[in-house]
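The structure that follows is given in the form of C-alpha cells.
Order as written gives the chain letters A, B and C; numbering starts at 1 within each chain.
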Amino acid sequence: MSMKIPESIRELPGAFFLRNAIIVSAVAGVFLLINTQLEPTYSFYLAQAAMYATAMFGMVILVGLSGQVSLGNGALMAVGAYTFAITSMNWQTVPILGLPWNAVWSVVTAGLVGVIAGLLIGGLGARLSGPYLAGLTLGIAVGLPSIIYRFPSFLGGEDGFALRVPFPPGGYAAQDGGEVSAADAAAEEMSNEGFEDFLAEAGGDSSEILEFDQEELATGETPLVEDEVLEFDQDELSLEQESTPDLVQDVDGESPPAEISESEDSFVDLVDESAGVIDLTGFVIEQWQASLAVVMAAIVGFIALNLIRGNQGRIWKAVRDDPVAASLVGLSPQSNKVSAFVISGFFAALAGAVMAQIFAYVGPALFGLTLSLSLLVGVILGGRSSLVGAMVGAAFIVVLPKAMETFAQQLGWEDRVADNLPNLVYGLLVVLVVLVLPAGLVGSLMVAIRRRTQR
Amino acid sequence: MLRIENLSVSYGAIQALNDVSLEVPPGRVTAVIGANGAGKSTLMRTLAGLEKPQSGQVIFNGEVISGRKPEDIVRMGIALVPEGRSTISELSVEDNLKLGGMWRSHAQRNASLTRVYSLFPILKERHHMGADTLSGGERQQLAIGRALMTGPQLLLLDEPSLGLAPLIVTQILELVALMARDSGLAVLLVEQNATVALRIARTGVVLNLGEVAGSGTSAELLASEELRHIYLGTGS
Amino acid sequence: MTFFDHLLGGIASGSVIALMAIALVLVWRSTRVVNFAQVGQAMFTTFLALAVYRGTGNWLISLIAAILAGAILGLIVHFLVMRPVRRQDGSGAIIATFGVLIALQASASMIWGVDPQAYPPIVDIIGFEAFGRTWPFSRYDVLVLGVTVLLVLLLSVVFTRTSLGLRMRASAFNPTVARLSGVRVSQMLALGWALAGSIGAIAGVLIAPTFSVTPYSFDILLILAFTVAVIGGLDSLVGAVAFGIGTGLVLSLVSGYSDSGNASIVALVLLALNLLLKPEGVFAHHHSRSV
C-alpha cells in the first residue's frame, strides 16, 4: 500500500494511526456495503467469517509474531461468550455509574475478562517452549467443556444459555414492537430451561470418557458412551443430520434458534421473530448480526494493525526469533510472550461475545477442541503473520464446508463421506501448507509480490 | 592416503573454504593451523561428510569420498573427533565406546576395545560411569577412544586442546603421535594453538581465510616470518 | 467401594495411559517432536483392528494387524510429513502433527462413521469374585496389565542390553556423534516412529473394550498421555510407566469420589502444576527442554 504521502505528513505522530484507520475503515466499509446486498444466508456466513477473523487476528499475533502455538484460543472465546451471556442476562445496571446495562457493556466486560484469562494462560505458558505450550493449551481446550459441566447453575452446564440477539438501536423499524418485547420475555424465561431436550440429545452426559467404572463393568455392561463429551461431533447444532461437524459450526445459514425451535415449541414465537424472517426495513437479522461482527472485526483489526506495524510488532518478532539476544537488549522474553497472550485473549473474548450474539446461544458444544483447531487451521492456511491472511483463512473455514457439501452432493457421495470431507481437506492442507508454503497462502503471495517489485 | 583436490565449501554467501588442496600421508601427524574462522573445522567436517563440498573432491585410498554420508565415510576408515569433546553424556563410558564401529565383527571390536583401554586406562577404570561424570581431559580421551573403536586408517582431530590444561593436551597428543608412528595411522590435527600442534606434527598446513597460506615441515613453519605474520600477527 | 477398590480399578487404565505416553516418549526421543497425532494414529489402527476382528473373529490376529498398521502409519507420517518438515522452526512441526490428527480423524469418520462402536473384550471384563464379592479387577485388567508389563520389560531390555537399543539411544541423544560413529541415524529415527506407532496401536486395542471407539473419543487419552509424558520428562520410559499408572490411580480415585467428568480437569491441573513447579519433568535429562 504505497500511497503517495509526503514525508512531512507521514512523520506526524497521528499519521500512523490515521493511515491504519483509513485502511481498516475502507476494508470494513466495503464489507458493510456488500452486506446490505446479501441474501440472509450469505450475511450469516459473513458474520461467522468476521467473527473467526476477529479471533484469528489474535492468533496472528500469538502464533505468527510471538511464535507460540496455542490451542487455547477457543477457550478464550468461550470466556468472552460466557461473560457476554451471563452479564447480559443478569446485570441490569452498570456498577458505580448506575447507568442501565446494555450489550455494549457486556462486550466491554467480555473483553476485560478475556484479558485476565489471557494473562493467566500466558503467565502459565510463558516459561514453556513449543510442544509444552501446545500441550498445555490443548489440555485447556479439551478440559473446558468439563469445567463448564461442573458449574451447571453459574455456567449453564451442558445446556448452555439461549440468548436473544440484541436488536438494532430502535429495533427493526416500527413494526410490532409489542411482539418483540414479548419474545424478549420468552427468551429470558427460557434461557435456562429451553434447551434441555435439545442438548440431552446433543451434548449428553459427559462423564464416561476415561474412567472405567468398575461397577458398570461388573455388571457386564460395556460402557458404551452414547455421546461423547469432549468433542462436539454429535453436538452439532443441526440435529437432523447425523454428521460430524465441520471445523466450523455447520449452521446451514440459519441461526440456531430456528432449529432449536423444532425441539422446543415454546420457542417458536421468539424464533419467528428473530431468526431471519423479520424483514422490516430490508435489513434482516442476519445482516444486523453481520454488521455487528464486521464492526467488531474492524475495531480489533485496527488495534492489531497498529500493534503489528508498530514497535510492539518488532519486539514480538525479536523475542520470537532470538530470545537470548532480545533479553540482552533489555526485552523480556517472558513478559512479551505474556503480552501476546493477553492481546490474543482480548481479541478472542471479543470474538466470543460476537459469537454469542450471532448464534444467540452459548454452550459447551460450541467450544470444543474443534473450535481451537479451526482457528489454528485458518491462521496457518492464510498466513501465520498476516492480518489479510487471517481474513482469508476465516473466509476459508466458513466457505470450504459449504463448497464441499455442494461438491459432494453433486457427486452423490454418502453423507458420512461428504460431512467429513472439509476436515480431511483442512488436515491435508495444513500439512501441505506447512511443508510447501510455511508463510501461508497470503503470506507466500506477498513474498512473491515483494520479490517481483524489488526486481 | 588422503588427497584433497581444489576443495571449496560455502555456507550460503560465506565462502568457508576456497580451493584447498593438500595430502595426508599415513603413519604421521599432519597439522592444520590457522586463526579462528580460517576454515579449519569446515575442512574437518567436510572430510567426515558433515558438510557437502561446493566443488573439488576428496580422494581416500583411491576412492572419491566427498559428498558421501558421514556414516558411510566412517565405514571406509575415516574417524572424526569433532570439536568440543563429542561424547554422549547420557550414555556410560563403555556404551560411548561400543557405539563406535558397530558394523565391525565382534572380534575386531573386542580387540579395539582392549587397545583403547590400554591406551587410556582411566576409561577402563570408569567404564560403567556416565560420560557426564568425566573430567574434560577424560572426556577428550573418551572421544578419541570412540573414534579409534571404528578402526580408522585416518583420524581427524578437531581442536583437541580446547579448554584443556597444557599438560593433559601434551599427554594426549603424544599418545596420538605414538599411535601414528606404531600403527601406520594417519592423523590430521586441527589446532589453533600452533606451537602445540607443530611440536607433535611432522608437517603442517596453514589456513588463512579459507585458503592454504603455506605448508612445510613443522620446523619450517615455526621459523617462517611470513606465516608468523599472517597467523600469529607477531611478525613485525 | 473402598479406597482400595478405586486404586485397583485404576491400574488397567493407568497401564494404557502409560503405553500411550511411551509412544510419545519414543517419538520425542528419536526426533524431538511431540507427536500430537499419535493418539489419532492409535484411533485409526484401532478401527482397522476392529474391522479385522469382525472379519476373522480372532482377537490375536486383530492385535497383530493393529501392530503392523501402527508401524506402517508411523513410518508414513514420519517420511511424508515429519522428515520434510524438520528443517523448519518448531511451530511448523507442531502444527503439522495437528494437521495429521485432523486428517486422520476425518478419514476415520468417513470410513467408519462417528457412531460409537463396541470392541468386544477377548477375556472376561467382569471383575473377579472372591470373598463373597466382586472385585473391581477383571481378567481383562490382568491381560492389559500383563501386556503392558511385558512390553515395558521388552523395551527396556532392547534399549539397555542390545546394540540396536544403544544405536537408538545414541541417535536420540546426539545424532551427529552417532553418525560419526557409523550409526545409520535416519533408520533409527524411522524405527522410533514405527515402534511408537505399534505401541500406540496396542494401547488403542487394549483400551477399546472399556471405551467407546469413535474417531474423537481418544482425544482425552491424548491429554492424559501428554501430561504423563511431560511429567515424566518426555525422555524417560520409566517416568512414563510410573506416572502413567499413577495417573490412572488418581483418575480412578477422583472419579470414584467425585465424578468421572473431572478426569480431564485433574489431568489439566496435574499438567499445569508440573509445568509450573518442575518444568523439566521429574525424570528428565537435564538439557532435554532446551530444544
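The rule is simple: a residue touches a chain if its C-beta (ideal position, glycine included) is under 8 Å from a C-beta of that chain, and two chains touch if they have at least 3 such contacts.
If you're wondering where the values come from, they're calculated on a predicted model, not measured in any experiment.
Averaging C-alpha coordinates per chain and comparing to chain C, the farthest chain turns out to be B.
The leading chain pair by number of C-beta pairs in contact is A-C.
Of all the chains shown, the one with its CA centroid nearest the global CA centroid is C.
Centre-to-centre, using mean CA coordinates, chain B is 43 Å away from chain C.
Here the CA centre of chain A is 32 Å from the CA centre of chain C. One simple way to say how far apart two chains are is to compare their mean CA positions; for chain A and chain B this gives 59 Å.
Contact with two or more other chains is made by no residue of chain A. Considering their complex, residues 48, 50, 69-71, 74-75, 79-80, 82, 86-91, 95, 98-103, 146-147, 149-150 of chain B touch chain C. Within the complex formed with chain A, the chain C residues making contact are 1, 5, 8-10, 12-13, 33-34, 36, 81, 84-85, 88-92, 94-96, 98-107, 109-110, 113-116, 118, 120-121, 125-127, 134, 136-138, 209-212, 214-217, 219-224, 226-227, 230, 251-252, 255, 259-265, 267-268, 271-272, 275-276, 279, 289, 291. Across the complex, chain C is touched by residues 63, 67, 69, 71, 124, 127-132, 134-136, 138-140, 142-143, 146-147, 149-150, 206-215, 217-220, 222-226, 228-231, 233-234, 242-244, 247, 369, 373, 376-377, 380, 384, 416-417, 419-424, 426-431, 434-435, 438 of chain A.
Those residues of chain C lying in contact with chain B across their complex are 163, 166-167, 169-170, 173-174, 176-185, 285.
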